[in-house]
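Chain IDs A, B, C and D follow the sequence of writing; residue 1 opens each chain.
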Amino acid sequence: MQLEKHQIQDLNQDALPSHQRKFNYISGEVKNAEEVVKKLEAFNIAIPSWALGTGGTRFGRFSGGGEPRSLEEKIEDVGLIHALNRSSNSISLHIPWDIPDNAASVKALAAQLGLHFDAVNSNTFQDQKDQALSYKFGSLHHVDKSVRQQAVEHNIQVINYGVELGSKALSVWLADGSNFPGQLNFRNAFQNTLESLQEIYTALPDDWKVWVEYKPYEPNFYSTTIGDWGQSYLLASKLGDKASTLVDLGHHLPNTNIEQIVSLLLMEGKLAGFHFNDSKYGDDDLTVGSINPYQLFLIFNELVEGMDARGLDHATGIGWMIDASHNVKDPIEDLLQSVEAIKIAYAQALLVDYKVLKDAQLNNDVVKAQDILQSAYRTDVRPLLAEARLRAGGVIDPVSAFRKLNVRGELIKERGLKTVATGL
Amino acid sequence: MQLEKHQIQDLNQDALPSHQRKFNYISGEVKNAEEVVKKLEAFNIAIPSWALGTGGTRFGRFSGGGEPRSLEEKIEDVGLIHALNRSSNSISLHIPWDIPDNAASVKALAAQLGLHFDAVNSNTFQDQKDQALSYKFGSLHHVDKSVRQQAVEHNIQVINYGVELGSKALSVWLADGSNFPGQLNFRNAFQNTLESLQEIYTALPDDWKVWVEYKPYEPNFYSTTIGDWGQSYLLASKLGDKASTLVDLGHHLPNTNIEQIVSLLLMEGKLAGFHFNDSKYGDDDLTVGSINPYQLFLIFNELVEGMDARGLDHATGIGWMIDASHNVKDPIEDLLQSVEAIKIAYAQALLVDYKVLKDAQLNNDVVKAQDILQSAYRTDVRPLLAEARLRAGGVIDPVSAFRKLNVRGELIKERGLKTVATGL
Amino acid sequence: MQLEKHQIQDLNQDALPSHQRKFNYISGEVKNAEEVVKKLEAFNIAIPSWALGTGGTRFGRFSGGGEPRSLEEKIEDVGLIHALNRSSNSISLHIPWDIPDNAASVKALAAQLGLHFDAVNSNTFQDQKDQALSYKFGSLHHVDKSVRQQAVEHNIQVINYGVELGSKALSVWLADGSNFPGQLNFRNAFQNTLESLQEIYTALPDDWKVWVEYKPYEPNFYSTTIGDWGQSYLLASKLGDKASTLVDLGHHLPNTNIEQIVSLLLMEGKLAGFHFNDSKYGDDDLTVGSINPYQLFLIFNELVEGMDARGLDHATGIGWMIDASHNVKDPIEDLLQSVEAIKIAYAQALLVDYKVLKDAQLNNDVVKAQDILQSAYRTDVRPLLAEARLRAGGVIDPVSAFRKLNVRGELIKERGLKTVATGL
Amino acid sequence: MQLEKHQIQDLNQDALPSHQRKFNYISGEVKNAEEVVKKLEAFNIAIPSWALGTGGTRFGRFSGGGEPRSLEEKIEDVGLIHALNRSSNSISLHIPWDIPDNAASVKALAAQLGLHFDAVNSNTFQDQKDQALSYKFGSLHHVDKSVRQQAVEHNIQVINYGVELGSKALSVWLADGSNFPGQLNFRNAFQNTLESLQEIYTALPDDWKVWVEYKPYEPNFYSTTIGDWGQSYLLASKLGDKASTLVDLGHHLPNTNIEQIVSLLLMEGKLAGFHFNDSKYGDDDLTVGSINPYQLFLIFNELVEGMDARGLDHATGIGWMIDASHNVKDPIEDLLQSVEAIKIAYAQALLVDYKVLKDAQLNNDVVKAQDILQSAYRTDVRPLLAEARLRAGGVIDPVSAFRKLNVRGELIKERGLKTVATGL
């Protein structure tokens, strides 16, 4: 299924007067409205291939209808999202869930929908059928050299797939860890991981990066070998300039100040990018901005100020990706909500007057510093997002459009009610 | 120091055109703007007497200048806050920090400033000079009957002070707990607490309430005898109808879903009210709304819906009080920010269309349910608050007014630079 | 596979001299050694049917070999455990994973192995093939009456299965909750749950109990309808005397003082029993005692003192069950370690001199109170456990016996290498 | 007050037969008993000068009697501890709480008691009377260069005091952080801290070290500028070889795997040493080993294995210090319990058979790996500690000796009932 231009135009027709009123108002209230709209137009967030089906937990998975049955259908879904919000122009593949059998045709399909391929993701946390050695006790950190070798080779294969598709980065998340005290020698596990990553690093094309993710727990519940930003940073430093640290918002202990970590990684030139989601307890993988939208804003506040300080382009300076599953929502609607939440936080951060803020900071005027941030955050920037979408050819209200156009109904008609996408 | 009407009018004069533009816009966007403004006008939050000085930590306390040196000066400070925001028409006293030596004159002073006296708070977590027995090992839960008796009598004395001032509730927060396994027999500690509370309960005047606070830890770090809502609820149930549970937002373990607790306590008719503050780690006592404003909104969302369901008046149905200290801000500015944050959350909750929400819930339309809440939350309601203040005789922008009028400067002139208010 | 008496005797022969030396020593050091051994002999912990296969996470499941393929084989596994440790004389079934098609023959098989049937567990957190209505949005709390009805009927069916097998309790754990703010009306969810439980309660035979479990999160990540002990207690109180609260050690927020909850539930006569496991982060379902054995001891310290105070028999006064999965261990070895850890904690608690402890508490002698507990805890009670096993016909060292007898090898021979037991 | 040899001998006389029986038994059970005793004899833990008075919280401080009124009396108290346990042969001073006015005489007094001076600690988290500039908004990270300079100079002064006393390390704990989003620019705060530390680093004598402590929160409750091990490590790396990371056990977010951090810091040659205490919630500063003794053992398990791997002497390879306050215990008794807990954990770790453990790890035999650790941990090593004390001239049971000798009573006689030691 693909959306036609006229469908989008028809939908916008009705919503336009109300949008214009709102946009005019906010344009009058906010100094840099035009600049914000332009930056929002340029800003895209990659969609992970595994988020297009209904995610589950160890207790069960409740699939919805019309889930994509193939890589092609996943690309089609991202195309639908992008057609609606004009903010999701790339897809991040997960190997082996989405092996592109015919890279050329896959690339052509994506290009036709205005999409390209973001970072590729390896998977050494599950055993695949016909896999020689098991990852039950880890992969890149494994005590057995031959298991490590198998995992290294898988990563290199993922790079190769990525090269064919035009990706420029390998994203590595390791489940490697331990469930019980004594199970691991932490130092050996770390050194094995480093050596394995060095082999993968060596296989990177010149213009590629490797992004090293960290996570404190799950699926291992005593230790994780790359458990926090410090451990990821240590590895990335030892690996070299092509390696940096990927921040998944759900991968932190309770109460972690994530925005401070983000700021310091940026300062050290080691912030690879983000896996966006939201959470209340652990790696809950909830819709971005659904639990703590102010934290998301605070992160973007650090990003905008920090990227400007380093002269990084907001749209391309680091990697932006969603990583959320969603047991109880339509996956496409969930992704539309997630992208919206990210762009709202970005727009709010763009409203912060960093000159005045810096001044307040230099005077320890804490009341004012808070007020500057909250003033930006309290501003209703949704009309700026709508305007950016409108100018880019998207719809004013994506979720509502998705429903009015009965997209899911059409997908169910095409694909059936009992399809299950690959993924968690 | 007292603010004159003309000072306030002069300040508003300049801010009026901008305010009108904003208010007109939001009135056009929001169906029930007028109703919201009226409810905001009626809504007041009590100021605790101990929040008017600079709070500290065990590591130190950095006082600011012009802190109130007496109960009268504390009342004066609340009068200033109320004159600015018209939302803080009562004060909550803490005995023995604020013993009213002459209740009649104290009451008259308060009345002149448009203030009355909210719940009175007892203190059995510190030893006072010339106190016969120590609270080192607790008070109402103490193994020694005579210590319990002393603490009971103190609470009754606090009630008596409150009666003189026109208060209608006693707020009991107990530090009682233990630092080490083995120190306490939990059952005995609970039973002793119950018996002590029963004695206090008996001493309550007919139209009084007792509010039982809970807190998981600090200043005891292994157990607290009234540690969670369940323990407070158990006590309040055994005590009777005049007893209910007070929720301090900072008194929860990491990741607690506070809004669910609030909803259930309301359902059971056992929600006394709130001590508002914000926190990232523990009982951080930060400015309300400074860390997680969405959570505050979600709590008000439960309150508005739940109070309406029980036919409770929003303004008077339960107790509203701030309990925040603030090491690095001017205490009055901090309180102005806190009141503002509370009223923003309240106004946002008033925008939720509960009929539509209920419909979404009945259809398990999670995407829509989230959208309804976030739509209310994303709305910039600050002009509604400003309008309510304006109508009530307050200022459009309280913090800015406080600064333009050089209130702190005046207070320092009157009181000196090195004053230290009683409190933590 | 079944173990013969002579196999066990042969194994003990070698270990006996060393055991005798240790047991003699500890008998000389500890006043009540004989009493402890007797109580240990009487103490059994139920094995859940789902713990006999390798558990997994949402990221994968790495099965071992020789997992039981049927209810009969699960019973056989519990029989093996019991033959080794003489402490696991019952099995707790999970419906529909373990529907007993022929209750009489299943009962006979169990009886032959010295086993009976503990509480039966219902499952309304997963959809079963051919199930009419989905539990995607909950079961007993569902907005749709017909879904609630289906879940109620399932629970009644579980009771019926249990009656046939001689069980005396229904254990209810509900995944019901929400992932996003707005999804649920908390009050309605609670009231629906209460009504559903009342229907189930009505169906309980006279000598049955219903145990209501609580859990703060997972698989729902915003709210859980029975989220903490207070919510479970509230329901159990409204239901009546047959209802009480089941404590799963992993079902708490970070830093919760579980032993205090246990003590208060016992005091109120509402402690149903335990699901034992250990955890570092959330519901990690690790081997009991593998992460924080002192906490386990502190819980047993409350249990022994509190049950004695109520005159409850340790062995039968409340329900004892393991609920741990184990991705990286042989399930039977894991269960042997879990049972051992529970009995160690129990034995240590039996060493506490409660008279002296009470005296220290009454004198606020915190140093001594800690010392009394830690003295009991530091005592190496393993020879007391071994002696109890020996007297009861079990082996001195269960895990070592399991290995020497090559039990897993035999099971793989019988059942195959690629079997997967039902469960998580 | 000082203890005489004969007092100690008399006390031991009575306890000897029972000790001999226990020691003989354990010597027979444990292969390396003699080696463990020798290592225990060599192992000392420094006592912080501020732990000799009763610590408090922001809610109050309940002093005991006979607290030391001067540096000399603090040294005397450490002398008493050391005379009893022969394991506390150094004291760690905190400036300005314990400025040695006459270094020579202070040194002589210490030497007479068998003590020397461990790391010196600076204090820039409180304002001192007559201090020119305030640390309200931080010290080494301050936006104002002149405040940073004042703090740098204070640290250099602390080094100078330390040089006079024979210390070899400066321990830096910074409270610097922020309470509210927006208050700080994280990068600038970090860079300012680095520059300040570089100045201090330059002032270090050749044979000195600087230990950089980290802490996630308190007394600042939004961010701390050196908030986790990664941030401390980053600073220590940039500073140079003399700088390393100090681990305070209470300075971590909930559920942190501290032992893994310890292992990696050791691996990188950046582990300075420890501030020992225990905690359930945050920086609770409870007696070491009172809450989670298994975690303490796991940390020592990493230390013993990791230090051996690097060829570090256990006693002197890194810094060992207690940092616990204790509201409800006699400070000296608390320190005796803390030292005992540390040495128990150390002794247990010495019992681990690392060869067998390594073998289990290489075979992913998780059950066995757990068993090896727990077997060491479950062993009652207290007789080994008593033997080491006995051989070194200390008492068999320190707390009991402290009481029998009525040490506190004597100190109260000498110093009075209402003394208050400097400190928190």
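Note that in this section contacts are C-beta pairs under 8 Å (C-beta built on N, C-alpha and C of every residue); 3 or more make two chains touch, one makes a residue touch a chain.
The structure displayed is predicted, hence computed values, not measured ones.
**Q** With centres defined by CA atoms only, which chain is the most remote from chain B?
**A** Comparing chain centres, C lies farthest from chain B.
**Q** Same interface as A-C shows up in which of A-B, B-D or C-D, over half of contact pairs matched?
**A** B-D
**Q** Measuring centre to centre with CA averages, how many angstrom lie between chain B and chain D?
**A** It comes to 40 Å between the two C-alpha centres.
**Q** Approximately how many whole Å separate the CA-defined centres of chain A and chain D?
**A** 43
**Q** Would you please write down the residue numbers of chain C that are in contact with two or more other chains?
**A** Within chain C, residues 136-137, 178-181, 183, 216-217, 222, 254-255, 257, 280-281, 287, 290-291, 294, 328-329, 364, 366, 370 contact more than one other chain.
**Q** Quick one: which bits of chain A touch chain C in the complex? Just the residue numbers, please.
**A** Against chain C, chain A makes touches at 56-60, 62, 125-127, 134-137, 175, 178-181, 183, 216-219, 221-222, 254, 279-282, 284, 286-287, 290-291, 326-329, 424.
**Q** Under the definition above, what is the set of chain A residues touching chain B in their complex?
**A** 21-22, 25, 28-29, 254-255, 257, 280-281, 287, 289-295, 328-330, 333-334, 337, 344, 364, 366-367, 370-371, 374, 377-380, 382, 399
**Q** Would you mind writing out the residues of chain B in touch with chain C in their complex?
**A** 136-137, 143, 178-188, 190-191, 216-217, 222-223, 227-231, 233-234, 253-257, 259-260, 263-264, 266-268, 294, 298, 301-302, 305-306, 309, 357-358, 360-362, 364, 366, 369-370, 372-373
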